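Some structures are shown below for you to check.
Shared between the two complexes below is subunit A, which has subunit B as its partner in the first and subunit C in the second.
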Partner chain A sequence: MSISLKRVRAIFVKDYKEFSRNYAVSIILIFPIIFALLLRGTDPSLTGVFGLVLNSSFVILTTFAQACLIAEEKERNTLRSLMMTPATTMDVLIGKSTLVFAMSAVVLAIATYIFGYEPVNIWVFVAVIILSIILYTAAGTICGLFSKTLLEASLSIIPVAIVFTGAPGGALLVKDFPIFKVLEYVPSSQLVNLLNIRNIGYTTGDLLKPLLVTLAWTIVFIIVAVVLYQRRLKDE
Partner chain B sequence: MNVIQVEHIRKRFGNKDALADVSFSIPKGEIFGFLGPSGSGKTTLIKILTAQLHPTSGQARVLDQPAEMMHHSVQKMRFGILTDNSGLYERLTIEENLELYRQLYALPKSSISKVLQFVNLSEERNKRVNLLSKGMRQRVMLACAIIHEPELLFLDEPTSALDPVNSAHIYKGLRYLHEKGTTIFLTTHDMAEAELLCNRVAILYQGQIQTIGSPKELKRQHRENVVCVDLINGEAYELPIDEGTADRIADWMKRGLIDRLATKEPSLGDIFIKMTGSELL
Partner chain C sequence: MQFQPMYDDGELFLPKIELSMTSNQSIGIITDLKRKQLLMNQLANHSQYHLFRAPQNEYMRLTVEELITFLIKVTERNEHTASLLGYFALKEERKVKIKNLSSSRRMYVTLLRVFFAHQPTLVLEEPYFYLEEQDRRHFKRILDDLSKEKRILILTSNLEDAIISCDTIYRLNESGFHQLDIRDSEEDKQEVQEQDPANITLQKISTKRNDKVILFNPPEIDFIESLDGSILIHVGGENYDCALTLTELEQRLLNFGFFRCHRSYIVNLQKVREIITWTKNSYSLRLNTGKDDVVPLSRTKLQELKALLNI
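Right after this comes the complex of A and B.
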């Protein structure tokens, strides 16, 4: 499948202009920073708090913004117009995801700086954060493609918020509810596990597991988003 | 060379045929009107021809390729489309909307000014779309559809709900495109529009083509075999075309009594009603 960087850039620039004039949605950029400011005074050993900041930011910022961008295009019929141009599926999906990816990366970098979190391995931490942004962007794309209106898109992210943000908390109840073991494999739980790794006594496997699990989820979500988009190209 | 070739297309939704065995062809450079009331299958056919919908059976070729290939970028460069499902970016200006399309079609910057001139919106180029009237928005959508000067243009009721001034702007634009060789596939339920613009029309009703031909041909085919005569004294006659009538008219002419003499031609709307028993609404 071909990708034209010029077309990707054209869609990105268009989205940037639209987003910067859409104050109702662009205000969400400040939420992760507010969370970080409010919680930065907590005990640095409570990495779960920082995990909560990151995981809720992924949903509130990344998934919500992406879902709104896609749903608004559907609501106003611009997505169908875009589909009728030479832009390929990948041109549109990458172009429409780049803005949210860039915004999330910058805002989460600021939030991490404010919170003062120092990872044991910066490269693995950055890789997991990048994969998570891609994963939650794909989740937003899926929510947006399932929604017909902006309102529906806002509601459609609730299951994502419950499952993904709530998973690390749910995984703590595994002793009482063994079925919750599955929640340990949700990317948000893996991110918290990564944040919990201390400077001493960890193995490469401890670092790689969150990375690989998040990578697997990311691949699955990207595939679902692409397939769903291609189905939306047709009316049946 | 046929730009569109449709053979025995059938599209079934549930237990209802939206299109039932539709066949026709459109040669290059023609403005072809697809006429029919709402729900007659016009939009369904456009969707099949632009690969947005699969036919249940039959086949269609568009621009030398099977219709299902129309979702490929190379084919998309060759056609433009304006339908009910077209939209604009509300927070962007007219020029910013067109700039997106210019870049997607990899066109030179001058194409924006050219198309704005064409739809008569050069002075409004910096206006935001959410401040435009419905007619202006429709013209911007047309500009987006034709900025790349497509070989084939699909228009689904382009002037529905537009005032005569805005419709006239669009007609002017379409005639210009036609002169440049663009083939135009136009669906409408406006008979006057079809008569004004189209080289040929097909009347679609209940998923089937009832008749096809040029407006002139159709009118001739469905012409009543009578001649209308208005005399200067106010009397009016509808007379059968035969030898007796010829003698009578010759006599009136000699005496200088004829005010108006005409054959009785039906409008396209009359033909539609005659063929389907339905009003075009």
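Right after this comes the complex of A and C.
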């Protein structure tokens, strides 16, 4: 499958213009910043707070934006038309994902700065965040493919929000419900674990575990999203 | 191009169709909604056919200029946006967002997607349906230019839309797949038979339908067409077979204000509402029969008609 930078860029620019002029959707860009502003004053010993900011931002910004971009094209039949141009599946997906990735990265960087969080190891932190953005973009692609209209897309992210944002909370109940131990391995829980690592007394293993778990999730989601995208478009 | 037969409740719904399409030819098929869908579903091969379906929509928040730039880039063509905007006659609207265009213009801009197609065959569903006259002319010009290199298939339910830019027109309905004769041939000579002056002029035209003989008063008739060798008399949107030839009918109906407007058509001039002068091959006549019927008019017959109508 060939990827043409020119076509990817054309799709990126087109989606950027469409997205930035759709105020009903692009307003979500300020959500993580407001959230960070509201919660910045909390007691630093409440370690889960910044994790909550990040995890909910991933769903509400990254997943939602990607789902909307795809669902809107489906709603207007432009995706079908795009499939008849030389643009390949990867061109379309990369063009859209790059836009969502860039927006999420910038907004989350601002939110982190406002919240005043300082990671113990900046590289591991950045790597996990980048992987998470890609992971949630893939989740958004899957949501977008299952919805026919914008309205359906905004509803389809609710299950993602429950599973991913809710997982760290659920993991706290592990004493009452042993089954919730699996929630430990959801990437949002791993992110919270990573954020909880204190400056003193951590091992490389503590750092690597969240990174590897997130990496595994990301690879699985990307494969599912790409395969599903190709299957769904054939059906139309 | 080949279509497989389709059956619906045991009845043949879509006959087996073979179209031999050469380049720079445009074909129109007049048919209903369900058959249009079935035909298009058989053309799913993206490397051969560019399908333009009627519910196609556009990126509403881009401006016209941005959209054309996007289409050029994504199809990797070498044209310049500015020159294409001139060619599409969209210079004045280039800064307008698609959603702010009038609905006819928006459809016109949406239809321009077929200009960027790389497939050898373009299939368009109802391209002219939502267009106003000016946009129809622009789009017809673009399609005519495109047909120099590509094969064009237009699916529509309206003969007038097909006449605008098709060389060959077929009608597909429950009675099968037939070619309509709309070509404007110069050798329009017919051997006019000398009628016996002693013959009594018949007042009724006899037709057949389901083994019944139905007689019509000439003024009831909207128009008469010759389709695959059989003569169809159109009355109030229905058609009836007639055993006479067009030449015989022409002779008989001359005194009732009928006019042989085309080799294959006779029209009741009392029912003509409009002379359309800009369709592809010939001129056309629109009738005020309530069903929006359109009948082709040969170039050679135009002068004769004008003389008849004193215009």
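Keep this in mind: the second predicted complex is superposed on the first by the 235 of 236 C-alpha atoms of A that agree within 3 Å, B and C clash if a C-alpha of one lies under 4 Å from a C-alpha of the other, contacts with A are read in each partner's own complex, and residues count from 1 in each chain.
Keep in mind that, in the parts below, a contact is a pair of C-beta atoms (placed from the backbone, for glycine too) under 8 Å apart; a residue touches a chain by one contact, two chains touch by 3 or more.
No experiment lies behind these values; they were computed from the predicted model shown.
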| item | value |
| --- | --- |
| Clash-or-fit label for the pair subunit B, subunit C on subunit A | clash |
| First, second, both or neither for A:S2, with subunit B first and subunit C second | first |
| Which of subunit B and subunit C A:I179 touches, first, second, both or neither | neither |
| Contacts of A:I122 with subunit B and subunit C, given as first, second, both or neither | neither |
| Partner chain in contact with A:T88 - subunit B first, subunit C second, else both or neither | first |
| First, second, both or neither for A:I27, with subunit B first and subunit C second | neither |
| 204-212, 240-248 or 294-302: stretch of subunit C that collides with subunit B | 240-248 |
| Contact residues common to both interfaces of subunit A (with subunit B and with subunit C) | 6-7, 9-11, 13-14, 17-18, 21-22, 76-78, 80-82, 84-87 |
| Interfacial residue positions of subunit A with respect to subunit B in the complex | 2, 6-7, 9-11, 13-14, 17-18, 21-22, 73, 76-82, 84-88, 233-236 |
| Residues of subunit A defined as touching subunit C within the complex | 4, 6-7, 9-11, 13-14, 17-18, 21-22, 75-78, 80-87 |
| Touching residues (chain side subunit C, partner subunit A) in the complex | 46, 50-53, 55-62, 66, 69-70, 73-76, 97, 113, 116-119 |
| In the complex with subunit A, residue positions of subunit B that touch it | 47, 50-54, 71, 73-74, 76-77, 81, 84-92, 96, 99-101, 103-106, 144 |
